[in-house]
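All chains are identified by letter, namely A, B, C and D, in their written order; residue positions are counted from 1 within each chain.
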Amino acid sequence: MLFFENDYSEGAHPYILRRLLETNMEKLPGYGNDRYTEAAKEKIRCAIGNMDADVFLIAGGTQTNLIVISTMLRRYEGVVSATTGHVNGHEAGAIEYTGHKVLTIPHHDGKMDAAELDGFISGFYGDASHEHMVFPGMAYVSHPTEYGTLYTDAELSAISEVCRRWDIPLFLDGARLGYALACPESDLTLERIAELADVFYIGGTKVGALCGEAVVFPHKAPAHFLTMVKQQGALLAKGRLLGVQFDTLFTDGLYREIAANAIEKAMMLKGALISKGYRLAIDSPTNQQFIVADRETCSRLGKDVRYGFWERIDDEHTVIRLATSWATSSEDVGKLIDIL
Amino acid sequence: MLFFENDYSEGAHPYILRRLLETNMEKLPGYGNDRYTEAAKEKIRCAIGNMDADVFLIAGGTQTNLIVISTMLRRYEGVVSATTGHVNGHEAGAIEYTGHKVLTIPHHDGKMDAAELDGFISGFYGDASHEHMVFPGMAYVSHPTEYGTLYTDAELSAISEVCRRWDIPLFLDGARLGYALACPESDLTLERIAELADVFYIGGTKVGALCGEAVVFPHKAPAHFLTMVKQQGALLAKGRLLGVQFDTLFTDGLYREIAANAIEKAMMLKGALISKGYRLAIDSPTNQQFIVADRETCSRLGKDVRYGFWERIDDEHTVIRLATSWATSSEDVGKLIDIL
Amino acid sequence: MLFFENDYSEGAHPYILRRLLETNMEKLPGYGNDRYTEAAKEKIRCAIGNMDADVFLIAGGTQTNLIVISTMLRRYEGVVSATTGHVNGHEAGAIEYTGHKVLTIPHHDGKMDAAELDGFISGFYGDASHEHMVFPGMAYVSHPTEYGTLYTDAELSAISEVCRRWDIPLFLDGARLGYALACPESDLTLERIAELADVFYIGGTKVGALCGEAVVFPHKAPAHFLTMVKQQGALLAKGRLLGVQFDTLFTDGLYREIAANAIEKAMMLKGALISKGYRLAIDSPTNQQFIVADRETCSRLGKDVRYGFWERIDDEHTVIRLATSWATSSEDVGKLIDIL
Amino acid sequence: MLFFENDYSEGAHPYILRRLLETNMEKLPGYGNDRYTEAAKEKIRCAIGNMDADVFLIAGGTQTNLIVISTMLRRYEGVVSATTGHVNGHEAGAIEYTGHKVLTIPHHDGKMDAAELDGFISGFYGDASHEHMVFPGMAYVSHPTEYGTLYTDAELSAISEVCRRWDIPLFLDGARLGYALACPESDLTLERIAELADVFYIGGTKVGALCGEAVVFPHKAPAHFLTMVKQQGALLAKGRLLGVQFDTLFTDGLYREIAANAIEKAMMLKGALISKGYRLAIDSPTNQQFIVADRETCSRLGKDVRYGFWERIDDEHTVIRLATSWATSSEDVGKLIDIL
């Protein structure tokens, strides 16, 4: 059985496990005060070109979303997201559980449009009864989006500009950020994201780590952020588990290198899909490829391949997802292409 | 200046103030344990034709919404509302503050459609990843809606049937319920609503009271409801304030009678609007009338009339609201018609 | 049956009802934007000697406590209270429901001690693991306390000084503030309280109003306080109900005058209790008197008097509360004394 | 430098890392649906002697506490804990952040007393105003306690009996459960705990794992527990990280075996402490030993040993903690004893 269901089906990149093993019996302080966490943070600061940034390591993506949003919003504020934003639909109401509304605007292949964001906020303040409404207090974008698409520098700059004009932070969910950075056609660098966003994270779980997301506050984290992380149950006693992983990922360009594998394999796959006449549901430049498949195709592929169901279109057609990752082998992609 | 801005611009119906005065110096138990609150509840039970119903009196509408929703939902559930539902847009995120998401489906002149509700819920359960999503745990409808429109018995029955099939409660926000009941063409009675809904409230604030909404649980209130009302700061020490008001409103048909005044005046106004060529934004049978007005009309009317801004359509046109109430006089409506 | 069970057993002072009646049919803006609310706020500013203060009117005491605390605390902070504080034991977990812990220190006849407060906070910061603990973010005192006792100027000044040194606000719960101010031996004036506290409220519900507490922020209310009041369901559409009441209470010294009645009657009662050999549980200078009663006394008094059970001491003895109010008549006190 | 500061200073037991390595490249389903998680659960069910138990794996201790408590309590309920309970003081208000109060009763060397628990609950229901208070909805005990002490079977049975009489669940925090089970004098087995508690967890983080706590519901987990875990950000995409660890810990008795090492070393240390005349602050049978040290001793030890500060007693004396773990070597204990 070939496995293209998602990008978190293996454990960690072998280098990470090796480092965990090498450092295993060192006696280290807990709660992220160890030397590996410190080294990881420093390397991330280098990678984003901002040595003053605050960096925190958190175990999972939904956890990071809910912590960032709930620590940065004021009580009367909500977060503005495209309807397709992960925080809106697939986090079991995690944001609302912290007391905040997800305010939605339309998506365009998973992306938010700067002008629509601006219109939403100006509409809010233009509404005479806005004091009875939820204030837009942050913009949330995923990059790559939930649909595998990417913001251009121009698009993200425009959103950033809107946020700064209205004085709200821009939060970029980078659960798969590595895969965006590894796209040859993408013009958004890590340094540039650190300029445009007020907070973002560099996803580890889906890019080679066992777990872990590195949250970056280019300016400054909320006061007593650590206490709030603890309050939400997200402070690991053995912070080294995250520290060693990110230290490894940000040593010798490993993060970028392994992400590039996913893109390379995805582009092989995408080429084959197109040449074999499959209909792409979205034109994705990243590691998630979406195709419209009829019932027969689903059934045929399903015999040999585990893929992800994405969305039902009608009785006959479904959008399915084929995902590559840091761990996808050329051999498996070859086999998949043969089957297609 | 004529005042047609809303339906809560006067104090209380004079009978209510008279009863407050008459009973003022009686020494009564607090927290709703007084005889007037008990009498009010009993009269409401009679009015809905269900002597087993649990009835509670709460000061305000948003307060009632957030208490009902947060006490009835399970932690992993959200409330399904039309996008135009008051809980979705105009309660400052009160529902989310209690930890729950408002799940939205389209509206049709402010109304939810039973088939769309059913589709939403079946879509949820049909989604393979629904355990990562917010469970639909209640349906919320306003009657009259925020647009002044009314559900028919057939429509509400269909929604109720969907709710029962999926085993979720149906909550009817009756902040202006009196005005619905007083519409001659409406086929939904109070008794019928008590059969179809699992919880609803009979609005006092907008129908003759200084404050107060009577929440009705036709079956049974959540256990320890009073404690949760207290926990949300909504338990008045002098519960008599609400008790005396609802006791008065439900004595000798006062509630229906004063609501009928609003409808009568609204229909006079509506007739005049139509005959004078105004464009109705919605065909409302209740006390709120919405017209599309151009800039000149807004400015002209604004000299003599306070009306409500509803929605900006384009640079030139706005939807404005003209509301009547239990207190609207024939004289004022006459003057308004002359000005139109 | 004589009624000395609590101080909220009657409706409102007759002047208040009269004003409600007089202003009843005026068409006024909603949500506290009416002229009576504005007048009430202005009179309160005069009374506290601070024309820059922000004043808000809220319906109930628990509601006010939870709103003030939850809008002023940061997410990682709790409120420090004496164990006997109303917020700690008798509000059904309202503070915790907003996400904040009530941190407790010992009480002394219901009062917090400044040195102990200081010790608690310095102990917190002295604890090496305090980042894993709840930060003390506010001090809460009741005046009069739940035991009817009063802070002296020196005591409250010391607490205020501790709060300012640690840079946390001091919140004074004045649900019965009128009764404190009316005590001849009390040296704390309203002006002085407005200097020492960072937020406090002037209770209406227990001092002559149907409902209502006037929250005062001598410096400045939290940004978008109104929206957060709405979010917690506490914004009355007919804000006039509160506005007219406080406007009346703060006209011609009514608030102080009616509070003085309660104290005068309480002192008559206290004198009689002492002279008849009753054992006072607490030496209270305010409208609540607490006596230790044996079973026989409880049973004897219970035939003619409704009193409050306070606390069981042992099988034989109970502390009971006898409360006077703005409405207590000399006649009733006389009758009670005869029975004692 | 010798390290006796805590029991989470190393990584994982080598067997665990070996298994992570061996299974690393297997393609497994996410979110705990993998075969290792299933195997771990099954082995835990065997170990507790209850094949019907629901078992979930969660990354950290505070996280587990807040999830268990917030999913099992009703909205109007709080959790009863000894004042020393971890949930009361050292979780940054995590429980309150979920909306629930921690209700405290006195501790006895860290333990709750069954009779006092019973008295607290009966006192609650005996209070005429208990509907205005937080209902006791769960009892929380730590075993070993935060002071290293252990409940006897008789003690825990009595607490369990009280809980069942009042129909509230008993929750046992087993962050260090392995160290309790490994105590020769302890008469509480895992099977017995699974009979007495309604929910408990088997700590991994402090007993050989990189992270992870295994929550056991001997009867049945709350409905949709997984969704609520997700809602609180605690559902790891790569659930295998926890699955492989617990599968390893519960294979061939590893969990008990490595816990026994900590106890053996702690008893060596305790013996030396006593024979050298140190004053034990608490008579702990587990891996945490507490001594009262004067300033000079602290300073002398501090040169060679990292220990934990526990509590300041007076200007001259401090309670310090010396902790052993699964990883403590005889050599290190020997060196420590030489220094003492």
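Structure notes:
Everything below uses one rule, namely that a residue touches a chain if its C-beta (ideal position, glycine included) is under 8 Å from a C-beta of that chain, and two chains touch if they have at least 3 such contacts.
Keep in mind the model is a prediction, meaning the values are calculated, not measured.
When the interfaces C-D and A-D are ranked by how many C-beta pairs touch across them, A-D comes first.
Both copies, chain B and chain C, contribute mostly matching positions to the interface they share, with over half of the numbers common to the two. Each chain gets a centre from the mean of its Cα atoms; for chain B and chain D, those two points are 50 Å apart.
Chain geometry summary: the mean Cα position of chain A and that of chain D are 33 Å apart. Mean C-alpha positions place chain C and chain D at a centre distance of 42 Å. For chain D, residues that reach two or more other chains under the stated contact definition are 75-76, 91-93, 97, 99, 131-133, 227-228, 230-231, 235. Per the touch definition, chain B reaches chain A in the complex via residues 75-76, 78, 89-93, 96-102, 126, 128-129, 131-134, 309, 312. Interface residues of chain D, counted against chain A in their complex, comprise 3, 6, 8-12, 14, 17, 20-21, 23-30, 59-67, 91-94, 97, 205-206, 210-211, 227-228, 230-238, 240-241, 327. Within the complex formed with chain B, the residues of chain D that make contact are 70-71, 74-76, 99, 131-133, 135, 223-224, 226-228, 230-231, 235.
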